[in-house]
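Across the two complexes that follow, chain A remains constant while its partner is chain B and subsequently chain C.
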Partner chain A sequence: MADQSQAVPVVPARAGIGALLRSMLRSQAAMTTATLLVLMAFFTVLFPSKFLTVFNIQNLLIDYSGIVLLGVGLTFVMTSECFDLSIGATLVLASVLGVEAMVLVGGEGWSTVLVGLAATLLTGAAVGVFNGFLVVNLRIPSIIVTLGSLNVAQGLAYVLTGGQDMHEIPNLMVDSIGLGRVLGIPAPVLVSGIAVIVGAFVLSQTRFGRHTCALGSNKEAARRAGIDVNRLSIQLYVLSGMCAGLAGFMSLARFGTTTLSGHSTDFITALLGVVLGGTSLFGGVGTVLGTAVGVFIPGVLSNGLILMSVFPYWQLVIVGLVLCAVVYADLVKRRQRDD
Partner chain B sequence: MNTRTPRWGLVTIIAGTLLASCGAAPAATTGTNPVPAATAAPAAATDRYQVALVLGQMSDSFYTSMQCGAQEAANRLGNVDLVVQGPAKWDASLQTPIVNALVASQVDAIAIAVNDGKALYAPLKTANDAGIKVIGVDTKLEDSSFVVTNISSDNTALGVEAAKTLATLMGDKGTALTSAVPPGVSTVGERVQGFLDEMKNNHPNIKVVYLGVNPGDSIDAVVAAFNGSFTANPDLTGVFSVSNNESEAAATAIRGLPADMQQNIKVVSFDAGEALVEALKAGKLQALVAQKPAEMGAQAVESAVKALKGETVEKNIPTGGVGITADNVTTPEFSQFVYKSKC
Partner chain C sequence: MPVPLLEVTNIAKRYGHIEALRGANFTVYPGEIVALLGDNGAGKSSLIKTICGVTKPDAGEIRFNGQVVTIDSPQASRDLGIETVYQDLALAPDLDPAGNLFLGKEILYPGLLGWLGVLDKPEMRRQAEASFARLNVKLQDINAKVVNMSGGQRQGVAVARAMVWASKIILMDEPTAALGVVQTRNVSELIRQVKAAGVAVVLVSHNLPYVFEIADRIEVMRLGRRVARFVTAETTMDEVLDAMTGVTAPQEAA
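Moving on to the complex of A and B:
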């Protein structure tokens, strides 16, 4: 890809914060951020006392924190030219097994919550291994494999719960994590914020990240360059699965229930953020920071349209049109730059 | 809903007499019954009727309540042998063999909550051709021309009941939030329309605004839409939730509000399963509009017997809804409408 160096700077690992900042400015994340800022400025002018308030912005950050977590994992997988459609279902299955594990050990304390966290992460990792194994060893296209595992995970979640949401979640988890704050920052925002920073660093500044880009850019070349592409693919699915597992844990903490049927479109929402953020649909180029910003473009747009009291059916139309416009503007800018 | 009010006396009397014998399934079936003959008194006929009730799904409190109501009616009539069957989960391919087996066992009537309006047509038509009376309950066949009657909730009436209940909780003023009519889901659409009409016609001081979400949106987006609506409408004090997802999302969004705002917001939701009643008692919701599955079950058995005796039965029998709040859920006349996990 011609513009690979734009989004994924070729800088040595551990090159320092300065290089990271410089690459950020040149990256597509900058374009996405500009779009987001324009939208925010628009709604701020329109609703000065309602839009740009701590209450509203904080709610937006909290409400999309789960999608951001899913987006981080998805960015990695998509950078390697694969898809992971199963993230929403993995989230649900992880939250179900998380509750099951917490019920099994009993108690209401932090140790119980930690067991829940471990169970959700392990579930995510297990789905990731399953996906990775099928993609790598059986060479089934990733879009089919993860469509399959989507159904498997969602189905297992229904089987385990009998189709009824589970509510046996320690109050501590809802109060301290779902509603909790650390240094004034809502805990869900903090968790996804850390995930974004770590993810951005790993993808743009480490060997693992560069190998991921190489795999997505040209798999055969990556293999000949000595990268263990099979192992890397599985690792990427495990990473995506664990992000979904963590999102499942945070979902439990926020909703206090397993929300069995609430995540069927999470993949689409996350995908939108990833693509708007500048990660290529065809692999090789990926930016976690872009994803984090990209998720909020439809988010801020919906929020603003609600403030404008636009009828819901029209909101769909407007959001759809704006998304196309944003991607088109991005495309035009990239073509100009490449010429 | 007009039919509900005068029935309370009767409900209480019948429920009172039955409480002692079995788990107090609401036996109040006469109120909306368009042909009120031969309901309360045991039939004098010597014939015994084999009536099968095929539930939409086993171990679902809505259908368990239906079963309880049907059993009550069978006991009351005295000449009915009731067989209750149902698939383990909502699946037409599991429900079809049940119907076929019932046809083979030559029951006199089948009352069924079909899992699919098309898939169950052929097996039920076969049953009808074999001389078995077929009755639709809760859900219905797309082509139900041969069916004796369809007994189902009047969804518009449920929406009206929700609007009345919410208006009372809101003190008849302020702003109420509802989803837009979801395209393609007729039952929910009728409920929302009933809600909107009642608010417009009888509660002009309540302004209705729409929740900015669309069907299939993830729960995170629904919470975001609730938060956006709370920001946009500071005087928003009522929420009309049409799905479990929306109720959960509303509860999550409200938990994040400042304490003084939290107390002012009232949420009305549908159905009265145990989890929702727990949520009601815990203050996560302020009211539930319960359907009347027990009444549906009772009506199904009564209609079956009437049809078998050759009496006429209305082609459609709508059942209403009842608003349950934290205040009245402890009283027997309302708690009887909470869905049961066993009779």
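Moving on to the complex of A and C:
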């Protein structure tokens, strides 16, 4: 009886429009989308004929399609309260082994391209198994394991190539995938878009996604609920590695070469997108759609800075500072919540 | 006395050089509320962990319905119809009550969607709402995450989860430790409902008045062994306290 009298006044207050607006504002995905729109409006006003053009926006989407792929995998791993610093280096190693495999089988046709795709995905999966095994079986903190595998993967890429980029990529792959279009949509954008939609669905609507959230939310509770948390962790690292492998394949298709030194900042950009999108650094909460939006904040910023003729290296400075600020906000929110 | 539902005999468990359990016995009869009492370090938690499959005993025998069973994982315990409400509740704070109720036992859509692992969220929410209503667990917002709920509401979710899945026994480790007067009364209601449904409740508690209010029987542990058994209605708190502190000699040999 006492409980009913307590509950009654609370319910209508929660359903009010004001509360709804407040909860929307509190949702980080909404904040991120708003920030992105404000940034875009800012650069549109500043460069009316340059920023908001089909050409520029399309380039932006293509440029960040690889980061989006990395971000999808990273979102899953981080939702389970783990890290994967190795994704940028995995991308590079996968692209190197992809070219090696295509050279090995020879030819210029689709079968060769498929061999390349299989090799990049397998490389990503292998790095994922390595990461997952060390984290789960040896209980080394994931941030250290993946810092190690980052260097292993990047180092192997340099060893295998002698430090020289490889260009032996079938023209077909560059023409129809890197530069190709389906229904007017650039193929790299299409691939990333599909990855985002599938990833968002899996994380929010399936048992696998639910268990991932539970693992990040309370590992012991997940274990006691009968979830095989070790197997799940390894699966998540394999997923993250395969996303990086796919990004490596797409990078080959776009540039026609292994970009050995071109991905050192990919991880931090993807990480910024993930946390801006509303995935918590402390696990339990993750949104792939948020990541897809979040990645374009550094993207638009960098694009706009180039239009403003700001020395492009400033972008790194800004990304680093914004990352600290966003993580601080996440921390404050978490402390308030836990009090 | 009827046949015991759960009969635990001569359990030994050693952590390093500490003997947590030295031939402990424990008995649960069908549909009763039995309190497991003992001072700190008496071995209550170790015994509970053995029954719910979190730790494996070094020696001893567990009989369930007269059959010898092996409980080597939380799942093995659950398969016998035993559910546990842990002291820390073991909830996933970022999931809603329905998500926690069905964690590890999610309902999937039938057919292709189910094969793809797609959660039937509406069905789980519907069943969760029905369960909370039946158990009289009041939640202000069934869609809120557990992290945003009060301690009493979280306790309600954890107890309800155990009650929904337990068919034989619920183990509750200090269910009222973190609760106020009103919530403690609510948990008592829940425990009585469990008993009414024919499910036995094992209550680990320090709260003697509470135990006397709710338990049918009391088993007392001391230094890793069972030292006394009482029928609540036929004993006094002083008698139980004396057994807990070792003033009276053990009723049974190890």
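Operating definition for what follows: the second predicted complex is superposed on the first by the 283 of 339 C-alpha atoms of A that agree within 3 Å, B and C clash if a C-alpha of one lies under 4 Å from a C-alpha of the other, contacts with A are read in each partner's own complex, and residues count from 1 in each chain.
Please note the rule applied: a residue touches a chain if its C-beta (ideal position, glycine included) is under 8 Å from a C-beta of that chain, and two chains touch if they have at least 3 such contacts.
Because the structure is a prediction, the values reported are computed rather than measured.
Q: Once chain A of both complexes is superposed, is A:148 in touch with chain B (first), chain C (second), both, or neither?
A: A:148: touches no partner chain.
Q: Kindly classify A:227 by the partners it touches after superposition: chain B alone (first), chain C alone (second), both, or neither?
A: After superposition on chain A, A:227 lies in contact with chain C alone.
Q: Quick one: is A:163 in contact with chain B, with chain C, with both, or with neither? Answer first, second, both or neither.
A: first
Q: Give the label of whichever partner, chain B or chain C, reaches more residues of chain A.
A: Touched residues of chain A are more numerous for B.
Q: Is A:218 touching the first partner chain B, the second partner chain C, both, or neither of them?
A: Only chain C is touched by A:218; chain B is not.
Q: After the superposition on A, what does A:60 contact: first (chain B), second (chain C), both or neither?
A: Only chain B; A:60 stays clear of chain C.
Q: Which holds for A:257: it touches chain B only (first), chain C only (second), both, or neither?
A: First partner only, chain B.
Q: From the superposed pair, tell me which chain A residues show up as contacts to chain B and also as contacts to chain C.
A: Comparing the two interfaces on chain A, one with chain B and one with chain C, no residues are shared.
Q: Any idea which chain A residues touch chain B in the complex?
A: Touching chain B from chain A are residues 50-51, 53, 55-56, 59-60, 62-64, 66-67, 88, 162-165, 167, 174, 178-179, 251, 254-257, 259, 261-266, 269, 299, 302-303, 305-307, 309-313, 315-316.
Q: Contact residues on chain C for chain A in the complex?
A: 54, 74-75, 78, 84, 86, 88, 90-95, 99, 103-106, 108, 116-119, 121, 138, 140-141, 147-148, 182, 186
Q: Can you list the residues on chain B that touch chain A in the complex?
A: It is residues 59, 89, 179-180, 183, 209-214, 216-225, 227-229, 231-232, 244-245, 248-249, 251-253, 255-256, 275, 278 of chain B that touch chain A.
Q: Can you list the residues on chain A that touch chain C in the complex?
A: 2-4, 7, 10-11, 14, 205-208, 210-211, 213-214, 216-218, 220-227, 284-285, 337
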